[in-house]
Amino acid sequence: MIEIQNVHKSFGQLEVLKGIDLVVQKGEVVTVIGGSGSGKSTLLTCINGLEPINSGKILVDGTEVHAKSTNLNKLRRKIGIVFQQWNAFPHLTVLENVTLAPRKVLGMAKAEAEAIAERQLMHVGLGDKLLAYPSRLSGGQQQRMAIARALAMAPDYMLFDEVTSALDPQLVGEVLETLKMLAEEGMTMICVTHEMAFARDVSKRVAYFHQGVMAEIGAPEQIFGDPQHPETRKFLASVR
Amino acid sequence: MFETALSAADLIFLAKGAGITIVVTAISVVIGTVLGILFGVLRVQLGPILSAPLTLFLDIFRSVPLLIQLVLANSFIGMVLKLQLSGFFVACMVLSLYTSAYCAELVRGGIDAVPGITRRAARSLGMSWAQDMRYIVLPLATRVALPSWIGLALGVMKDSALVYVVQVTELLKSTQILITRLQEPLFLLLICGAFYFIISFPLARFGGYLEKRSSND
Amino acid sequence: MFDYTFQWNQVLVRLPKMLDGALVTMEVAVLSMLIGITLAIILTILRLSGSRPLKAVATGWIEIARNTPALFQIYMAHFGVASFGIHFSPFVSLLIGITFNNAGYLAENFRGALKAIPDTQARAGRSLGMSQIQAFGYIILPQMLRISFLPMTNQMVWAILMTSLGVTVGMNSDLYGVTQDLNALTFRTFELFAIAGVIFYVITKFITLSARIIASRLFRY
């Protein structure tokens, strides 16, 4: 369970998160929508401790992420994150990209890590690219590799930060299919996205962020069918 | 607080050395750059196979210690040709060729950096080869190569410290002469180093600035 | 005009001695590179550190190395430190001088290489649970190596050429030093230094060629 309690976060003078409260249960898929600068991506990087927060609390399975005593490297093993820019490691093959963290962070033997990596890569449809270098892959393939790389750590939670935003339109579908598959398998996910159809189909709940505040959260039917907040209505009208 | 036997006459002696350093550098950089542009353009024009002898010749200056180049030139002129040329002349000659070898590389790199499409555009406007070179390629190549050229000129100044081997008393040699006499190595070396640094540092920074500027646009 | 008779035989019999000198030259260059690379990494880290004095030390080192003659740096290592009562052998002085120079130039280069790698690479590593050191070692460092490989090769060539300066502090076991001593013995200046030049040329070509082969093996991506 991820519990976000009254989280405030500023970059210098700019307050990007103004008191966020959100609880995500195990097995739940929550999507976060909203305009740019609404703070939705920042929230994800706060959840796995890549960004510090100014006040409030984030608990992952009861462990406070930003407590001094928390071993972040250990905590991050159970929180996978995939970014808009897929950040493939260019000097490693696809297989090495995926086995690196299991071997070096979890101390897994090479053969074992490779078995897991192959399974995950097969899962995202890259079974035939194991020995290729990322520069040989399309953006969509690199993004799916990044997903497999995160999954190889066997995380309990997956965070997706606008994973299709930097892709060519014709490559968006393959990545969304991969996310959908994960959701159906019961992975706990928080997805920041601009893909409204995806949000509607996959999520259990949809949250709308506006200027650092979570303006509204609810079932997808309610958010898309009967938005309560005027800003939500405005936003949905603008993206349609 | 600090005592030194360094006299005003010694300071003038050092200043003379510094003057020689600057003059040798200036002459070599000017001649070396002219030759370097010539060699660089020639290499591009002739293509890799025809220019191979030139490439090999220039490569020697970058692969053999400058000290050896100076000794070889000096002994060849003095012992083999039996010519009475001053060390200053030999120093400038060798340093000029040395500079031209590096400069030719910069010129070649600069010309290669001008997109072929730009050159085709110039030629399609009816420009001759010479006009294309003069108005399109060289100005663009200069922009690319200028920061490295500044680095090269400063490199030549630092390397000119080696011309002592052909009996030219430039700054570092003057310093060494004073060290032997006054036995104050650290103090004298610091003066000498400061001189190089004061010239080199701002110019190197300026070159870095130019490089940053051209890589940003 | 050409009444000078080249006497190559007299010089070629000394070739084994010169080749021994070439080995010393390579030894100095390799050592100065190994220590220089290590120091350059340390300088790069110091430069990125938050501490102002440490930053100043690193920047000072790098700028002095890059803005004064290598020969000056060797003089400092030999005559300069003598003012403090420290007396190094010619070999050590030469090694210190070249190493100081290598470290300065390489550190500047490493900084450029580091800048060329996006921050998001380290971030991706951290988000997989890697420590800062792991992310640096497994993700940043290998990519830096590729960017810096050619400049490191050039610096190695420079290090070879710089060994010739050792003679100014009394070094006589390296290629240049041996050649100079033989010259005092035989007075075949041109022949001796021409051979020395050829040996230097072969060494530098060997370095650049093997670097090219290593690079093609190492960097397949």
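Should a chain be cited, it is by its letter among A, B and C, assigned in written order, with residues numbered from 1 in that chain.
The working rule: contacts are C-beta pairs under 8 Å (C-beta built on N, C-alpha and C of every residue); 3 or more make two chains touch, one makes a residue touch a chain.
These numbers were taken from a predicted model, which means no experiment stands behind them.
> Listed by label, which chains are in contact with chain A and with chain C?
none
> Kindly work out which chain lies most centrally, taking the average of its C-alpha atoms as its position.
The most central chain, going by mean C-alpha position, is C.
> State the chain with the largest centre-to-centre distance from chain B, centres being mean CA positions.
A
> For this structure, I'd like the pair of chains sharing the most C-beta contacts.
Comparing chain pairs, contacts are most numerous for B-C.
> In whole angstrom, what separates the CA-based centres of chain A and chain C?
Distance between chain centres, rounded to whole Å: 47 Å.
> With chain centres defined as C-alpha means, what is the inter-centre distance between chain A and chain B in Å?
55
> With centres defined as the mean C-alpha position, give me the chain B-chain C separation in Å.
20
> State the interface residues of chain C toward chain B in the complex, per the touch definition above.
1-4, 63-64, 66-72, 75-76, 79-84, 157, 161-165, 167, 176, 189-190, 193-194, 196-197, 200-201, 204-205
> Mind listing the chain A positions that touch chain C in their complex?
The touching residues are 48, 50, 73-74, 76-77, 80-81, 83, 85, 87, 89-92, 100-101, 104-106, 133-135, 146, 149-150, 153.
> For chain B, which residues count as touching chain C in their complex?
60, 63-69, 71-72, 75-76, 79-82, 154, 158-159, 161-162, 172, 176, 179, 184-187, 189-190, 192-193, 196-197, 200-201, 204
> Mind pulling up the chain C residues that touch chain A in the complex?
118, 120-121, 123-131, 134, 138-139, 142-143, 146, 219-221
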